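Following this message is one structure expressed as C-alpha cells.
Chain lettering (A, B, C, D, E and F) follows the sequence in which the chains are written, and residue indices restart at 1 in each chain.
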Amino acid sequence: MAATTTNPTYKLDLTSSPHVHSRWSTKQAMWMVVFALIPSIISAVVFFGFYQLLIIAVSVGFAVGTEAAIKAIRKRPITIMDGSGIITGLLLALILPPNFNLAFTAIGSVVAIGIGKEIFGGLGYNIFNPALVGRAFLQASFPVPMTTWTAPNYTVDAVTTATPLSAFKFDKVAADLSDLFIGNIGGSTGETSSIAVLIGGIVLIGAGVVNWRVPVSMIAGILVFGGIFYFIDPAAYPNPVFHLFAGGFLFGALFMATDWVTSPLTSKGMIIYGLGIALVLVIIRLFGGLPEGVMYAILFMNSFVPLINRYNRPRVFGEVTK
Amino acid sequence: MKTVIHMLITLTIIGVISGALLSQLSGWAAPKIAAHRKAETEKAIFLVQPNADSYEKIETVDFELYKVFDENKEAIGYALPYEGNGFQGKIRLMVGVKYDLNELVGLEVLEQVETPGLGTKVTEEPFTSQFNKLIADPNVEWVKGAEPSNPNEIQTITGATISSKAIVQIVNQGLDKLRASLKTGGEL
Amino acid sequence: MNLFQKAKTFRGGIHPGEAKELSENSVFETMPNPAAILIPLQHSAGKAAKPLVKKGDDVKCGQLIAEPDGFISAPIHSPVSGKVTKITPAATVGGFPKDTILITPAETNEYDFMETLNPDKVTPAEIKERVKQAGIVGKGGAAFPTYVKLSPPEDKKIDVIILNGCECEPYLTRDYRFMIERTNEVVSGLQLIMKAIGVDKGSIGIEDNKPGAIAKLKEAVKFIPNITVDVVKTKYPQGAEKMLIKAVTNREVPPGKLPMDVGVVIQNIGTAIAVHDAVVKGEPEITAALTVSGKGINQPKNLIVRVGTPLSDVIEYCGGVNEYVEKVVVGGPMMGVAQFDFSAPIQKATSGLLVLTEDEINAHEETPCLKCGMCVDVCPLGLEPTKLARLSKLDRLEEAEKLDITVCMECGTCTYTCPANIPLVQWIRLGKQRVMTMQRERKSA
Amino acid sequence: MELVLIFFSAAIVNNFVLSYFLGICPFIGVSGKISSAFSMGLATTFVMSITSIVTWLIYHLVLVPNNLDFLQYVSFILVIASLVQFVEMFIKKISQPLYRALGIFLPLITTNCAILGLALFIVLKEYSFIEGIVYGLGAGAGFTLAITLMAGIREELDLADVPKSFQGAPITLLVAGILALAFMGFAGLISG
Amino acid sequence: MEPTLLIAIATMGGLGFLFAGSLAIADKKLRVVENPLIAKVNDVLPGANCGGCGKAGCYDFAVNVVEGKSPVNGCPVGGEETSRAIAEIMGVEAGDSVKMLPRILCRGGNSEAVKKMVNYYGPLSCSAMHLVSGGDKMCYYGCLGGGDCIEACPFDAMFMNADGLPEVIEELCTGCGNCVKACLRDVIEMHPEDRNVFVFCKNHDDPKTSKDVCSVACLGCGICARKSGGGVEMDNYLAVINYDKLDESTIPFDKCRTNAIGHLREINERETIN
Amino acid sequence: MSKKATLAREYVKGLWEQNAVFRQVLGMCPTLAVTVSAINGIAMALATTFVLVFSSVIISSIRKLIPSQVRIASYIVVIATFVTIVDLVMKAQFPELSKALGPYIPLIVVNCLILGRQEAFSSKNPVFRSFLDALGMGTGFLVALFLLGGIREIFGNRTLLGLQILPNFYEPWLVMILPAGAFLTLGLMMGFFNTMSQRKKRLEHQTIIQQHLKPQKPALASDGEAN
C-alpha cells in the first residue's frame, strides 16, 4: 500500500459517538446529596445529641456492608463508592426517631439495601425508595420504638414528647411555627429542622441534581389540598403551613421524593407524582389512623411511577399531539 | 345429542350426590356447631361476670343482652356484647356491668382484626383487667402515657392508642344504649 | 438585535463547551498534494459510484473517474493529475473498508475543469445539471447528493431555502471561516440554490456565538431584501435540520418526513460555496475544507485539502499529535467517527479532524441508568433515550419501534448528558438499524 | 356515604390482594404486561359484580329460607363457574375484540379465590343487596389497581438486572410485600 | 326423606343440570377445528392455568406457541423439561428427521485473530461492537467474541471458551437455531449432526490481507477446490463447501496452510486426547 | 409424558421437584394467609391434602365417565363437596382451629393446586397413581406451609408451634405476621431455593463445560459474560 501510511503506534480509544461528555457522573451527583445532608446531620446532633452520630454510623456501615456483600455474592463489581448506598444509610438514619435502638437500625439498613435495592439489581433498578422501604419495615416490625419520641434538647415544655403531628391528631395541640421552622420539636432526627433541610435542598436544586418540579409540586399540592380542608373547618383541620413544616414533609420533598431512580422521567410526570404524594399525604394525615404519612405517601406513589412514565411520554418532535 | 344428555346426566348426578351427602353431614354437624357457639357465649359471660351463677337472654330489646344472677338467683348485672370500629376493622366485645350500670366488672374481646402483637394487646392483661371495678359514671375515659388518676379512667396501650380508644368508645356506646333502653323499657 | 427578544431555538438540547477558540482565528490554508490519493467510491449517502478508470490509467485533475450509479449517488472526479495504481478495498474514515481508487499524483496538476457559467444568466436547469455533474454532496454531515435536494418533486411546494450556518458541533470552525473569508460566495451560492429551485426567500441561520460572521453576512445581504440572516440560540444540536427549521420558521418536520414536506430545503454553508465554485469556476468537488483541532494536535488549523488525502498526511501537516492524544475523530465530537487507521482518506463531506485528549473526552465509568430523566429532558426530538437504549439492548424491537426509535437522529445529546455515562446512542443506533431491517422485511413479506 | 366507605375500604384499605391474600395466583401470573393485567382486572371486576348479585340472591332466596347454609360453597362455585362460562360465550358471540381483550381471561377467573372469597365475605359481613354490589365493585377496583400497578412495575423490572433466581414469582412477591407495607399507611383510614 | 335432604338434592341437581345445559349449548355453538399440534403442546404443559406465561392459561399459551407467537421456553412453571418437550414437538413437526446442530465456522479467537491498535470502550455485545468500526478485530468477517449467540441460547447450551470463541454443548442443544439468528456475522450455521467437514472461516479478504488479519483464516488459495469436482467452490477468496457434491477423498486437507478446511470430530478428538 | 414413572416417584416428585408452592406457584392464597404460625400452616395443609386426596381418588375413578365438556364443573363440585365436609367437621370437632383458619377453608375449593392436579393428573391416571400423586403434592404443600409458618412464627413471635425458642431480648418482628411479612418471607424463600437449585445446575453446567474445554493455548483471558 502507499508509503504514507504512518499508522499510530499507540492505542487509541475506539468508541461510538459522541466523543465528549458532560461533567456529570453518578458518583458526583450522589456525593453532592451527601454534602447537602450535612446541615441536617448537624441539626440532628444539635437537637438530639451526639448519639445520633452513632446511629448514622451504624446505618451507613450496614448499608454499605450489605451492598458490598450482595455484590460479592453475585460476583458483580463492588460499587459502594458510587455513594448511593451511603445516601440510603444516611437518609435512613435521619428519618429514625432520636436515640433509636442500634440493632434495629442495623436491621433497617440491611432491609433497605437488601430488599429495597439489591434484590432489584442494585443501583438504578429499584422501584421503591430503599431508605423508605427500610423505614417502613421498621415501622411495621417495631411500632412502639418507632413512635417513641425523645424531646429535643432545648424544649421548654419537657412533657411534650409527641411529634407536632401526633399532638395535633390525638390531642389537638398545634405546635409553634417558629419551633417547627428551626427544628426544636419532637420527630425524626433529621426532619425536624426545616431550615437545615431547606439549605440542603436549595443547594441540590441549585446544583441541578434535584429537579425542582417534584418538591415544588409537592409543596403546592399540600398547600392546596391542606388548604381546602382548613378552609372547610379550621378548627378540625390544621393550617396548611403547619402541614408544610410539620413532620417529614420538607425532608421527604427535597431528599426522598426526588430520588432519581424512583421518581418519574418526564417533567409532566414529576408534577403528577408530586401532587399525588401531597394528596395521599393529606388523606393519611387528616383521616388515617396514623399521624404522619410522608413515608407511605412516597412509597405509594413510587409504585405508580412506572405507570406515570408509561402514560406521560414526551411529545415526539413534529408529532401532532395525540 | 347423545353427549348433551350424557353431560346433563353426569353433572346432575354429581350434584344430587353432593347435595345428599352434605345434607346428611350437616344434619350431624349442625347441632354440634350450635352447641359450640352457645358454649362460647356462656364462657364469655362468666368471664366478664366472675360472680355470676346463671344468666338469661333478654328478648325484649332489639340487641343482644344477658342478665346475670348470682347463686341466690339475684340479678347482679348484665353481660352486653357490643361492637364497633377498631384500628383495622370491627371489634366485638362483651362487657360485664353491675346492675346499676355505673360500675364495670369485666371485659372480654370476642372478635377483632387489630394488628397482631400491637392492637391485639387490648385483648390481653393488663389492659382488660383495668375494666374490673371501673366506674362508668358518666362515661369511661382514657389517658395516654400516664397512670389513671380518676376512677373512671383507663390507660391506653402505647402504640395502640387507637385500638384502646376504640374499646373505650364501644363500651361507652354500649352502655349508653343499655341506659337508653332501660329508660324507655323500664325494668328489664 | 432586540435585547428583549429571546434568540430563536427549539426545546431540549445542551450546551457543551464550544472549544472553537482553538481554530476559529486561523485562516484557511491549502495543503499541498500528498504522496498518494485514495478515493473511496462512496462519498455520499446512497449508492457507491461505478469506476470509469482502471489500473494504470493516467488521470487529470478534475477528470471524471467514477459515475453515479442510480438516482441517489454522486460522480467522482480525480483531485490530482496522476496514475491509477489500483482499485481495491481500503480503509475509510467510516471504519469499514470500501472499494477505493488509488492514485499516485504527478509532479504538476493538469486541470480538466468544466466551463464556467455566468451566475446572473444561468438557468435553473443549468444549475442543477452543474451541481449534479460536479458531484456536490451536502457538507452538513450526511453527504446527501445535493442535486437530489435541488430537485424536489412537483407536489412539494418549497418556499424557503435555509443556509445552515450554525456549526453547532464544538471545535468545528469551517463554516465560520467560510462565512468570514468567503462571505460573498456564501450569499452567491445561496442565490444560485434559490434560483435552481425557484424559491424567492432565503435565510441564513447562525448561532449567536458567531457575532463576526453575523455582522459580515448582515452587511453582505443589506441590499438583498429576500435573504435574511436569522440569529439563533447557541445550543447543540441547533444545526440539525429539524431544529433549525423550527427555530427559523417555527415549522416542525413530522417524524419520518423531510424538510421539503414543510416547504423547506436546507443546505450547509460549505455546500453553498461548493455550488458557487461549481457554477462560477467550473470546479468539481475535488477538495474538502475541514477544521483540524483538539488539544492533542500541535497546530490546530482550518485546511483546504484534496479529497483522498490520508489522515496521516493531514496530521503531519498540522505538526503531528502530542503525547496526550487519546482519541482521533473525523467529524465533530458529537457525531464524528473514532479512527484507528490513519491511512483512511479525507472524503468530500469531511468537516473536521479532531485529536482529543483525556480531559476533553471526560469519560466516566458506566453505571446503570438512574432514571434521572436528563436524557429525556434534553432530547430535541422528544424521545426517551433511556427506554430506547434498553429496549434495543434487550432486542425488544417492536416496543422500540412503537417508541419511535427510528426518529432518532443520533445527535448524541442524550449520551453527552447522561450522568450514568451509558452509550445510549450506540444502543439506539443498533436498535434503529434492526427496526429498519424488520420494517423492510415486513414490507417485502 | 356508607356506600362510598364500603367501596374505598374494599378497594384500598382492605385490598383483596394486599391484605386479604385473595386472588394471588392471577396477581402473580397475569401481572406481566400492563395491557393483560388491566384486562384481567376489568374482567375480574365484572365477574365480581355479577357474583355479588347472583350469590346474594341465591343465598337469601334459596339457601337461607331452606336452611341450606351448608350448600354455600358448592352452590356458589357452581353458579360462578356456570355464569362465567355463560358470560364468556356471550361475549364471544357479541364482540370478537371484546372477547380477545377480556373473554380469554374469564376461565382463569373461575379458579380465582377472590371471587368465591367475595361471595363469602358478603355473606359474612351481612351486607344488603346494594352494599354487596358496591363491595364487589370496590373489591374489583382494588384488584384492578393492585394488578395494574404490579404489571407496571414488572414491565419496568423486565429491563432491570434482577438476580436470575429472583426473577418471576419471587420478585413479584417481594414487590407485593413492599406494596403491602406502603398500603399500611392507609390503615385505620376508614374504620378508625 | 326429610325435606332438607330433598331440597338440597333438588337444588344441587338443578344447578348441575343448568350448568351442563349451558355447557352443552356452548359446546354446540362454539366448537372450532384446531391444529392437532396445539393439543400435543397443551398435553406437555403443566395444566396449572396460572397465567405465568402472560397468556390466558395453558391452552392459550399452546395456541401461541404453535402459531409461533410465544417462545417454546415461555412456560415458567414447567421449567426446562417442558421447554425441551415443546421444542421437540415443534421441531419434529417441522419435519426434521436428522438432528440439526449449530456449527461455529470461525476459529479466529483471541490468540489467532489480529487486533486493531485500539481500546474499545462500550457494550461488549457483538452487534453493538460491530457498529463501532466493526469492533476491535482486524477481520471483518469472523467472530467478534461478544457472545450475542450465547445470550440468545434459551437452553444455556453455549459458552465462551477461554480463547474468546463460543462453543456449543451438543447434549444441551435442542437445535432451535436462535444462536444462528443472533450472530450478525453469520458465523454460525445449522448442519446435520453427522456432517463432519467444514471450512472454519468466513473471510473473503485477498490472500495477503487474510494472512495479515488472522492466522487461521482461509487464505483463498484455492488448493482444496482444485480437484474437488465442485465439492469445494471458491467464492471471492473463500472456500465454500457444496455438500451435495462433496467427496472427502478429493480434498487435500494437509495442504491447507491454515487448517481452515478440516474435520470437526477429528479435531475434537485430537483435543480431548491432548 | 410417554414414559411411566415409578410409583415411588409419583409420590416423591411433589415433595420438592414439583413442589406446589415453591416450584409451581400454586395455591398461594392460603399459603400466604394462614401461615402466621406453624400450626395454622399444618392444619391448612392437612385440610387441603384431605380434599386433594379424596377428590383425586374420586375423580380418577370416574374419569372415564365424565364428558370432557363438563370436566371442570364436575371437578369443582366434587372438590367443593369435600371442602364442605372438612369445614363442617372442623367446625363441629375443632372449633378453635376453624376460627383461626377463618374464611380460608372454603377457599380450598378454588385453590388452584387442587383443580390443577385434577386437570393435569387425576383425569389422566389410574386411581392408585392419582392417590400417590395427590398425597405427594399434599405433603409438599405441608412442607411449604410448615416452613413458611415456622419462619414467620419464629421471627414474628419468638415461638415455634407455641414453644418459645428465641430468647426474650429478641424483640419480635411484628411485620412477619402481617401481610407484608408473608409476601416478603415467601419471596425470599423462593428466591433462596431458586438460588440453591440454580447453583446446583450451574455446577453441573460448569462440569460439562470443563469437559468441553480445549486444553488451552496461552490466550487472553476473556470475560464470557457479555454486557
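Everything that follows uses one rule, which is that a contact is a pair of C-beta atoms (placed from the backbone, for glycine too) under 8 Å apart; a residue touches a chain by one contact, two chains touch by 3 or more.
The structure presented is a predicted model; accordingly, all values stated were derived computationally and were not measured.
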item: Intersection of the contact lists for chain C and chain D; value: A, E
item: Count of contact steps on the shortest path from chain E to chain F; value: 1
item: Chains touching both chain B and chain C, listed by label; value: A, D, E
item: Inter-chain pair with the most contacting C-beta pairs; value: A-C
item: Remotest chain, chain B as reference, centres from CA atoms; value: C
item: Interchain centroid distance [CA atoms averaged], chain B/chain F, Å; value: 37
item: Centre-of-Cα separation between chain E and chain D, whole angstrom; value: 41
item: Where chain C and chain F are represented by their mean Cα positions, the distance between them in whole Å; value: 65
item: Geometric centre distance via CA averages, chain E-chain B, whole Å; value: 68
item: Residues within chain E bordering two or more other chains; value: 4, 8, 11-12, 15-16, 19-20, 23-24, 26-27, 49-50, 52, 116-118, 121-123, 125, 131-133
item: Overlap residues in chain F, where contacts from two or more other chains coincide; value: 25-26, 69-70, 73, 77, 80-81, 84, 88, 112, 115, 174-175, 178, 180-181, 184, 188, 191
item: Shared-contact residues (touching 2 or more other chains) in chain A; value: 7-8, 10, 12-16, 115, 119, 121-122, 124-125, 137, 140, 143, 289
item: Listing of all chain pairs that touch each other, if any do; value: A-B, A-C, A-D, A-E, A-F, B-D, B-E, B-F, C-D, C-E, D-E, D-F, E-F
item: Residues of chain E defined as touching chain A within the complex; value: 116-122, 131-133, 136
item: In the complex with chain C, residue positions of chain D that touch it; value: 158-159, 161
item: Parts of chain B lying in touch with chain E, wherever the complex brings them together; value: 3-4, 7-8, 10-16, 18-20, 22-24, 26-27
item: Complex contact set, residues of chain C against chain E; value: 88, 94-97, 337-338, 340-341, 363, 393, 423, 426-427, 429-430, 433-434
item: Chain D partner contacts - residues on chain E that touch it in the complex; value: 4, 7-8, 11-12, 15-16, 18-19, 22-23, 25-26, 29-30, 49-52, 54, 56-57, 60, 76
